[in-house]
């Protein structure tokens, strides 16, 4: 039964996220005073990619592509989507973070398997950036876990129930800021899209992908975005009913797009340094506040 | 470049090259028609026309087209101007790296018949000898409107299944395209260029 | 009182060892030290107005303690032996290094 | 089959192996495989026995005794398994060894020594076998690349072992017996003697584990040891340090005894201090591992980082964190053993483990690649493999106690491990195959067996970690802690739970979906590794085209070349030498007057202060 | 049962005969050495008067369990030294017999002045033997310091004689506690200084580097084992049983012993030549054993003494033979030498590991007892002992690793880096090495068969009562 819910979740994720991607491209276009594509343009791109023929650089190149898409789809199943939980109790924060890691490891392996140095440089940049954005985010959530004594995401959502004032956005403002910055890092949106820098390293890891491999990678990217933004919404905005959840989701994602539409790109040396300056400091302060003073968890309005 | 006369006359368009119109192909053509990724190979003066078509004034993304960095991801190869022999070798190498349903669009007169450089020692006159060109956009560098019009035309051809240049290249590589390439680039095998 | 004199003589010998740079002079100061030591040993056995411990006719009491004198005999013989070996060494040093001055002896300890 | 007769047989057979290898090298190596298998079989028999006492010999007026216990069995199985699997590589390395007979003998002596360490009933036996392990592994390392590292290894591990010796005799002097149980009872009444003993004895654990201040020997020794002995060194012998940390902090209940002390984050400050050292060694291990050019040094630095996890787990002493630390002992043994073995296989075929000289070996050595891949997934702590279970438990342990800074290091360590585990994979296995490795074949079948077994174990305990955790909870009860809760394949901690079987099934399901998607769309045309998009240029030299040299250059120049701890130890050694030179010139000078001066000084000092001091 | 006087008389007799009949001296030397080695086991215990005078007046020989053990050990060592130095005997045979007599006398005598005489016999023959190394200036330095030492010793016992009126050890040990403070200090320090020279303690051991550093296969083992054991045994006897210093002075002597141990170990770490390294190691060991005697840990001191003696036999004979056959003993160009003759390598390694005190070897049992008795006194001495043995471990392991595995830094150890040195006529050495190596390993595992009569020896040294009753009982 829960496997069916999981499958349903994957379909919902695909449909919702890809349409939202269309709107997102429309919004970026409007920011650049352009007309922008139709809403279903991303569907077209994905299906066009699957319709084309493709080349294969050996076993690990194909296996990695399958592993990355498979891993990310598995993670979608575990993420609570506005109350629908496929396996209740098993949606542990660390499990989700590390299943995401399966996805990125698969992509890294197949990218390097393609033999193109640009792909290796792209993978190196992706992993370096991951060290950057992952640690502050986990510290903030670590504070939350200690505060509430549970690391299951649906439990953290229930804690924020009851109106706007109980959201973690207000209970832990610094945590929310750090969460949003590392969300931008996870999504590889403009300031942090060093791994897939089309101008510098010919779209990084994706350089050798064409046809169905490219299609699978685009799907994986969509599912990964769904998970990361879903994670942020659950943890910081207390994802309520389906409509409320989707509105919050769209709001967060479009807000991130607007920011990324106007910003330039970091140099890779600066990315880690940037993440370990302000965001890490904020996350440590936030975790210290939660752990030692309990403000935002026990002591709240 | 002077035309040598033992050029072999092959009717390239023999056989019914149109896609066997099965339902799947019709569906695939719809997708291919709506989303066309271009490989921005700026070989000549036409390159400067493309930024305006992409940006806010004409916005190519409206019709589903976008610039791609690598040939593996691209569908359409734009040859925007005169092609020197040296660049031709790269263009052919890039074309072969593109994924299968691929299209070539030639800009301006230089790709048609050599244009104003028809008698230069360095450029090639007729792109069609070397690559199967699906669409030519006339104009000694067509303005963005013409480019957009050309792209719309190409999309309709794809939807109707007429843009079959890549099949022509597959079928006639040994007897038409490869000898032409070797004739103009010299006997050296295209891939392992030593002295370039 | 005289014992302090002999100890002083011993320290003269030791000072000689400390300051002299010439090997022969060091041997001489060794002998001085032994001399001072032997005198001290004799003095330990001294008793005021007592006679030398030689029994000529009948033994009427009040002899000096004979034991230190016996010990001094052996000590002197040993001192002699040591000086003989020292002179042999001094000769060999002269043969190999051509000098008696310690400072001019090169190449032995810095290998 | 009793422990002491096992140890006696071990020692005698090591002599036998020495003589046999003199006759025929291959035969001697096969005997090591046989004996380690036999030892593993016998040790396995002791699974449920606890408390049986065996006495070995009368050593002067002391009595060397063994006692079986659950935690001893656990460590012994991990060690003997590593030895058994690694011994399969011995026969192929005989012709490359300088002293093969000594290698086999010392290999056997160190194996038997580790079993002796774990089953020791009293501290004296523990110390004797600990020293035997130290000096037997000491004489194997110089057979590898360097003669300087064994001296560093001996210095640092002798600092640890002699600190432990001092603590043991201090205990003997104050408590009157070596027996571990007696000491732990006596210690509960004397917290401040226990505090002193805790710090001196834990040093032995830290030096062997390679924790922060004492980690400098580990990369040097593991990096330059012979290729077949590094897996034993980092997979096995590091765990002896873990065992000693276990004895000092858990078998002697440090939490109860030091309850009176200053409590930092709910943990006595001594334990917290050691955990901080563990955290620092995670960060140092990760940062240094990322920079390494030689794969073996990189894996050695990863051992430094992972022993940081083990020590944090063991010192955490709460139900979940302790279980995580114990399980990480097994996971790390399997993972780093497999990594070292695969690079030993590469070295066997290509002769080098320098990453910049390798490339594209996946086509020639697929099985080694598979074993290495599974090992790094486990080492990085990614779900389907067993590494995730132990790291998850440690994170839950840290979360329930709210130890923020240690969690920072733990998170950085686990994310950083993606970087340094991935580097050898991409540099050695993926990318273009250089022409000089054209005719490299897969390793012979006998070397494939350990790789297969290790990968199978990592996967099996990744899907069913419950089996190990059930035994670990039995250990926890025997040591006086609450056992970790296992419900079928669900692992339940105070702050959350997860189910390894469900995750693997879902991951498998996802993979199936992706595979279906992959195979329905048109078949991909295989293309050569050199035919890649190079913006039109033609590249012909696979050696230079393969991206392997200074892989994380951009990340590395964020932090300088911090080798301060090594410089510190070298400076200390230099000072001791200079002090020796000074003593030589002062007291053994050329002229006699120096010494006479000292003699006279001695007399004056005694004369004036002789009776006053 | 053999009367102990024979142990002195027969070697002296043989020495005189060998002076007249040169040819026979080779046979005489080995005959006497074998005789003393065997008869050591069948000695009669108890007190033997010399010249019919009762003890406080006449000289007596004292064989209690302590000197019984020392005699056996010394005679065995002497025999092994002869084995190792067979090719170096040239014209030293008579002196060797005299040395044998002197050493036996030194250990057995019950009279302080008699001890001085035997001490002088040994040191003078030591000067002559050392001269065979052609380093005349170092021998001269040894002579100066030796004479200075023995004169101070004589001065010390004469002060004692002046106050107590007797030179008999048992008599003195009875009356020594109630001697007045300043006399006690003076006599103790002078006797300490006198014996310190031969026992190689720090301020007095300036000569050791020159003499031990340039030894031949005969003089090397002789000085480092036979002389060292004799001197330290006498040291133990006097300062353990007879002139027992009180609390303040004992602290000074312990401090001196420990300083010698630590300083010698550090300078050993700084030495590049094999013989020089072993020299400082034996100084260090001497300092350690004397500290143990001072602390009162006689059992541990005796075990370490025997451990050090037998280990040094192998180490020194190997080092000197290496120097003899190759003319150079710098450690760096001897890399991989053990692989040429594995038996010697085995012996050398076992001896070194036993010296450091690693388990499975005899030295470990010594270290356990040392720590036990050190802890009885205070917390700092065991720490210093452990620090010293760490340093010792470092330079020995550095040596062993280089000698077992040839190869430059950074390359796999391989044959081509093998050193060109060779050990000529090493059969006797490998025989000794294997023999002692096996003894060390076996006694490392089961130390009982060697240690219970050592335990008896240690007890006899600690309880003065039996000593007094046997000697003075006869008055």
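For reference, chains read A, B, C, D and E in written order, and residue numbers begin at 1 within each chain.
We adopt the following convention: contacts are C-beta pairs under 8 Å (C-beta built on N, C-alpha and C of every residue); 3 or more make two chains touch, one makes a residue touch a chain.
Keep in mind the model is a prediction, meaning the values are calculated, not measured.
If you take chain A and chain C together, the chains in touch with both are D.
Among the other chains, the CA centroid farthest from that of chain E is the one of B.
Should one ask which of D-E and C-D has more C-beta pairs in contact, the pair is D-E.
With respect to chain C, maximal separation of chain centres occurs for B (centres as means of Cα atoms). Remark: the per-chain Cα centre closest to the mean position of all protein Cα atoms belongs to D.
Per-chain Cα centroids separate chain B from chain E by 98 Å. The distance from the centre of chain A to the centre of chain D, with each centre set as the mean of the Cα atoms, comes to 36 Å.
Remark: chain B and chain D have CA centroids separated by 60 Å (rounded to whole angstrom). The centroid of the Cα atoms in chain A and the matching centroid in chain E are 77 Å apart.
The multi-chain contact residues of chain D, meaning those touching 2 or more other chains, are 533, 592, 596. Touching of two or more other chains is recorded for residues 14, 17, 26, 102, 105, 108-109 of chain C. Among all residues of chain E, those that touch two or more other chains are 144, 148, 209-210. Listed by label, the pairs of touching chains are A-B, A-D, B-D, C-D, C-E, D-E.
Looking at the complex, you find that chain C touches chain D at residues 14, 17-19, 21, 26, 102-103, 105, 108-110. Considering their complex, residues 28, 31-32, 34-35, 37, 55-56, 59, 61-62, 64, 67-70, 72-73, 75, 98-101 of chain B touch chain A. Against chain E, the residues of chain D that register as touching in their complex are 57-60, 62, 96, 98-99, 102, 124, 127-129, 131-132, 134-135, 138-139, 142-148, 150-151, 154-155, 158-159, 162, 165-166, 169-170, 172-173, 576-581, 583-584, 587-589, 592, 594-596, 598-599, 601-603, 605-607, 610-613. Every residue of chain B that touches chain D in the complex is listed here, in rising order: 70-72, 90-91, 93-94, 97, 191-193, 196. Partner chain B is touched in their complex by these residues of chain A: 25, 29, 32-38, 41, 44-45, 47-48, 51-55, 198-199, 202-203, 206-211, 214.
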